Amino acid sequence: APFIARGSWARASSGELRLAAWAGYISPEMLDAFEKATGIKTTYTPYGTNEEILSMMRVNQGSGFDAIWPALDRVPNYVEDGLIQPIDESRVEWDRCIDSAIKSSETLGAVVDGKRYQVPTDWGTEALTFDTEKLPLEYGSASYADLWQPELAGKVTVRGHSALVGLALWLEREGKLPRPFLDSFKDADAMRANYDVILAEAIARKATIAQFWSNQNEAQGAFRTNGCILGQTWDSTAAGLKDEGLPISYLAPREGALSWMEGISLPLGSENVEQAYAFINWMLTPEAGAMYASHARVNTTAKGADAFLPQEMKTFFQNAYPEDAIDNLWWWPVQENWFVEIRGEYQDKFLSA
Amino acid sequence: MSEIFQRFGKTLGGIFLALVLLWLAGLVLVPGIYMVNASLTPRLPPALRGGPEDVYVLDNFAYLLNHPNHGWIFFKTIWSSALVTFTTLLLCYPIAYWLAHVARQWQMRLMLVLMLVPYLMNEVLRGLAWYIILAFSGPLNAALMWLGLLDEPQRWYGDGGVVAGMAYAYILFMLFPIYNAICTLDRDQINAARNLGSSTWRIHWRIVLPHAKVGIATGCVFVFMMAAGSYVAPALLGAPGSRWFTQLVYEWFFEIGNWNRGAAYGVALMAMCLTVVLGLLALFRVNLTSAIK
Amino acid sequence: MPIVEKLDTSGTLPGVSTPAASAVSMQNVEMRFGGTHAVKPLSLDVQQGEFFSILGPSGCGKTTLLRLISGILKPTAGRIFINGNDMAGVPQNMRETAMIFQSLALFPFMTVWENIAFGLEARGIGKKERRRRAQELLDLIALPDHGERLPGELSGGQRQRVAIARALAIQPKVLLLDEPLSALDLKLRQHMRAELRSLQKSTGVTFFYITHDQSEALAMSDRVAVMNAGTLQQVGTPHELYTRPKTQFVAQFVGEANVLSGQVSQIERGTAVLECPEGSFAGCSTPGLRKGDQARLYVRPEAIHIGGGVRDNGLTLTIERYDFEGAFATAHAVLSGSLSRCPVSLTISQQSLSAAPAPGSSFRAGFSAQDAIILPNE
Amino acid sequence: MPIVEKLDTSGTLPGVSTPAASAVSMQNVEMRFGGTHAVKPLSLDVQQGEFFSILGPSGCGKTTLLRLISGILKPTAGRIFINGNDMAGVPQNMRETAMIFQSLALFPFMTVWENIAFGLEARGIGKKERRRRAQELLDLIALPDHGERLPGELSGGQRQRVAIARALAIQPKVLLLDEPLSALDLKLRQHMRAELRSLQKSTGVTFFYITHDQSEALAMSDRVAVMNAGTLQQVGTPHELYTRPKTQFVAQFVGEANVLSGQVSQIERGTAVLECPEGSFAGCSTPGLRKGDQARLYVRPEAIHIGGGVRDNGLTLTIERYDFEGAFATAHAVLSGSLSRCPVSLTISQQSLSAAPAPGSSFRAGFSAQDAIILPNE
Amino acid sequence: MLRRILARLGQVASRLYLLAFAGFLLGPLLILGGAAFNDSNFPTVSPWQGATLKWLQALFHDGEIGDALISSGIIAGGVILVSLPIGIASALVLNSLHGRARGFIYGLMVSPMLIPGIVIGISTLLFWRQIGVNGGYFLTILAQASFISSFVMLMIAAQLQRFDRTMEDAALGLGASRLMVLRRILLPYLRPAILAACCLAFLQSFENYNTTLFVRGTETPLTVFIATKVRTGLTPVINALGLVMMLAALLGAVLWELKRIKTFARA
């Protein structure tokens, strides 16, 4: 019964954009502006993690939404499971997008088997968030290692799987990894060899962790109400806390901030493709980009958005990435399904320990 | 079966039986079998399904058995659920007795209304209330420090917090069965025992408790079931060291994406619940039919 | 009166007040539940070893009275003595009474012998001794092999006996029984009556028995107190209550009675005459009855005899129908010549049935003033 | 016998077989529930307009019999006719019977008039007409203003009457009543007996009445069938059953009886002599009784008279106790000189109580052979 | 004397226990509701940042919550529509059975209550996915109904146990058809139980999270919405929502009690 199989009989294809995006990325003002610009109404469903939206797509076999917002490095997962469709590049206003983003996204996951599956819209990092009063950090000396110091027992928050990556970068710098860390993303044996070492180190130092976060809200909660003074979090997390007036700052460590890019992809079952492209193109306008960046506190790929950004955002950016930090970013390589599965295994062992 | 047709006639009887069949087979049994089936097959990408690798294996269960922590988490979940069950039982018995045999009408009514309110809201909100209370900089720590019982804030999230939150969330499922059971106790039984010279303790031990047995068993079964199968409370109130089995199941499905292994974990959870429930009933010497009324 | 003595030999010491203290003595005892005045101030003495019954309609306060004695309830006013000891402040588990509840209240999860021994268990007596004493009681109630059963596996009469044994196990001075037979069927009830009586005789324990069944009260008791709406109406032997009721309530509640209403026209040497619309009738006068009072005359159906013989009171009746009841038939008749339809019923024995007038026919009947009683309206 | 006629005028056509077809006719009807043989093959004819009762102990199959007639159950064997029509294959909602259940089974959520009109509703009769007819019946049962109440708001007796009206509304040929009075208390029960009887008379509907209460059956019915363990023991008028029981079961179940066991030594002109360990006694013989048979003699307590007058049978008794029952007392005595303790009970009227022997004393008594009956052991 | 003191102590202790229990029940609610008035971005009562009504205002302007409520309502309505016929039919079937068959069927019928919620969610999802049906309203309703039907069945069966079956015979004897017996006798008799079962089914569906989580597809019923908020952007708006639901629950509970008192007084 196709009627049932659509999964939802309450909404028909109505010309309304059904958008699934990260929680906190879309503000009502943005939706209003979008509607004003294009006449398209939008319903917005938030999610908190890459896994959440991926599994939602899996459960619904790629239907239910017209546009989703996965991380660039996870796009191949969707392609492998046949959940998203290639982008019709002719319908995208590429000249609105920063060139370097278009270029680097090709190698970082947006293009699979020669077909593009995602239009990059923003990028951000995961680095050190710290309490400026209780634990001031300096660029150059600050390191992922700081998270694992025994004297910080019960005062740190990290995310399960990315904490292992940060730890890996420190261990690699110390020369303690058996294989080059980037090989882990290409070869399961290399990965296991490296991750065994990383995991052992992480478990030995687990006492510092007060709380694991998996989404922005939890990460912020760790600082707000759970007594944490240092964490490995997204830049937007720290920016949000700082906005609230908390003595929080954000800094790239010497090993390099973990950087990701995100963008909009079209699920296989997208019913309002027209509207989805309209949204992509609107997101790349400088005004929309600025609105977006200042609401979500991530960095937009829309050309010329800087001009519209408030001053404190620019200051935050400069403080976070002083000196050569911007050149030193560590970009997430593609994480294929096999990698994610093994990654999950190690994360689980880490969490369960 | 013939009696159904005799009582309701062919048409109505047929409709009733069809509905029952639809429910028990279509909604419960077949999906259950499907889940077991899924738990016995490996996770394969769509391309490989139906191929030579698509055979029955015990890998998914073996993974659970061989995992350094999951087995432990499994038993901790049982143990903690039992703890929740026991705590709620201890908390509820005196109240149930009081409601049934001591309280005046208005007291009883007031208490019942008070108790219904948290129950009529949803489980997530009940969990949220405890999430707020137990927060590091939350009211519990503030109150304890103000009272001078603590010098610095404590972390309450973790197994303790989960147990407290669950006890709160499920306490009514313990209270009502016991209350109902004690209500049916003829007050003359208590009078008779006292009349024969019995002390209050003895009355409870020898008269009220045996009578309330079925209610207690029912309450225990329900609370245990709910605690073991709850995802909200551990997700909200847990800490790095306190993972629950349901969280593992959730992760297999929604983070790692290995549904087959998730199904296996689900089967294990169900098997464990049924074992404990049947064990409880046997322990109380209550049969399923008289429990759950 | 020789008859009274004859009936009384079944009991022990009816009517005769012994010097020993009363088994139960209530003095101006009163009980209120909020607005309900369940027991109005009353006094009552029950002799040692007596089979004493309270008889009254449903809701008249019988159970309340019993619960006051047992200590389940505390009286709002008045004092209660058991064997001469004031019971004020003595909790129920310290009184020398044992109660048998209407519902029996056997403990369903304990075996019969555990039930019986429960009172001993509460007194901290060892298991062996408990078993021994329970067995003695099981022998007494003629259920020696039923100790290991559960109450649910016994018949109604057996359960009844177990409840008695359980109460007797604690060797009470007074046994309080709350309508213990009302749940049983007729034949069993009659059988258990005899059993209760002989048990009371053989143990010598004072029985304080409650019932709303007048035939039960009359057949079993040494003395009966009739109760209505929280007050005691009359206390006396069954024979006294039946033949010499002191109030209209007692006359009507105990046994069947034909009633004639009128005004007292004359009182002389214990005999009064009542002027009714149906004629004037003579009957025994009662204390407090005065000339000119509105009053009622009560005469039992078996006291009205067919035939025009020399009786104090003559009636002309028209038979409407006979209800055949086996040993006798009840004739339903109306008084001829009365303006309102005044029904009169007569008991006609099996043997004299063949001589009885045919339905529809009129005939003369009469009763002696001795057999009738005139009571003033309250 | 004049007496029989006298009693029978209350009914319509007892004993006399009319040419009209029977209201209910059962021919070799049998009912098994798996292993239970609830009704053994029996035949029975109930006349038009008769008040017919089935009397038997609990579990003897009375209800089953009624349900067979109403069509709730289908007989395992045999045929049932109602007004001459074979009922095989006729479902219960098509039969000309109406049933009144022990529990009454009033519909608690419908008003009284809706209850009464339910049968009419089922027949598709319009609301106005239903109301009108219901009102007629409400008038008949003397509850004209109670139509809008719910059954829960009525007293026991009123509910009873509504159940009757509901059954009468569909104008049944036969009204089947399953112990309709057993849930009421004594006084109300006696009142409702009279009401049921007069209703039956005024409507002329055949009543098929079930009860385990012998006094009810005796008092109300034109004819009674005594049932035991699925078989019919005897069918006859109440007087026949009481005075001329045909089986030992009937003799013992209907009324009280004293029993003597022995061997028949002589049968002559309707009188038999039984040799018992206690002596030899004469009584009415019964068909099928032969010399040398083991048999029992039954004599009613009221048939034994105190005094050494010229009776057919003499007894020496020792009084044990008197149970005072109001109108009369029951004397419990034992037969002197018998080896085993042979209990005998006598009914002593109130009036003669004063002349009765004292407990413990021995005295002579006797009964006439006319009043005793000798039945062979089965 | 000692006895009196002990008795008095016992009384005081039981009073205290009662108070503590009431506190345990109500304290979290007070804190949950109180935080809705705290002028802090994160729901808490300590530290108290001053009173505000802005969160309540925000609640009434929040369209997403409205959508979630509607979504929950649709699901609950569907669950009632599915589980009520099933529950009634099951109770009637059970009521007509005897002996072993009854025990066995009864066991089967209560078993869904003994399966953890997430397991029901998983099995429903796996099964229907296999035959091509995705998560969404349809699956959510089916998954919830599969165990809520058990509750409905139990409530109806309890009422049926007190049903005097001779009423059916009486109706048939008066000439009613089987359908009329069902319509005029059984269903009216069961009405209170059916109403109660509706309430229970609604509540169970409304508060369900563990099962819904797996089968909701892309729908966002209220519990999932709240849970998502708690995980991805908790503000005191959720407390304001909790407060409103609490008041609604209180109103509901009081009305329910009043109705009980009324029916009690009438009986």
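Letters A, B, C, D and E mark the chains as written, and numbering starts fresh at 1 in each.
Criterion: a contact is a pair of C-beta atoms (placed from the backbone, for glycine too) under 8 Å apart; a residue touches a chain by one contact, two chains touch by 3 or more.
Just so you know, these numbers come straight off a predicted model, no measurement behind them.
Think of each touching pair as a link: the shortest run of links from chain B to chain D has 2 of them.
Chains B-E form the pair joined by the most contacting C-beta pairs. Inter-chain spacing, taken between the CA centroids of chain B and chain E, is 15 Å. Put simply, the C-alpha centre of chain D and that of chain E have 55 angstrom between them. Chain E has its Cα centroid 38 Å from the Cα centroid of chain A. Spacing of chain A relative to chain C, judged by their CA centroids, is 91 angstrom. For chain D, the set of residues touching two or more other chains is empty.
Those residues of chain E in touch with two or more other chains are numbered 44, 214, 230-231.
Across the assembly, chain B contributes 135, 137-138, 253 as residues in contact with two or more other chains. Pairwise chain contacts in this structure: A-B, A-E, B-C, B-E, C-D, D-E. The touching residues of chain C, counted against chain D in their complex, run 1-3, 5-7, 9-10, 185-186, 193, 214-215, 218-219, 238-239, 242-243, 254-256, 300-303, 321-329, 332, 347, 349-351, 353-354, 356, 358-360. Across the complex, chain A is touched by residues 45-46, 68-70, 72-73, 135-138, 153, 155, 157, 239-240, 243, 248, 251, 253-258 of chain B. Of all residues in chain E, those touching chain D in their complex are 164, 166-167, 169-177, 180, 184-185, 188-189, 191, 266-267. Only residues 14, 17-18, 21-22, 24-29, 31-32, 35, 43-47, 85-86, 89-90, 92-93, 96-98, 101-103, 106-120, 122-124, 126-128, 130, 142, 145-146, 149, 154, 158, 168, 178-179, 182, 203, 206-207, 209-210, 213-214, 222-223, 226-227, 230-231, 238-239, 241-242, 245-246, 248-250, 252-254, 256-257, 261 of chain E touch chain B when the two sit together in their complex. Of all the residues in chain B, the ones that touch chain C in their complex are 186, 188-189, 191-199, 202, 206-207, 210-211.
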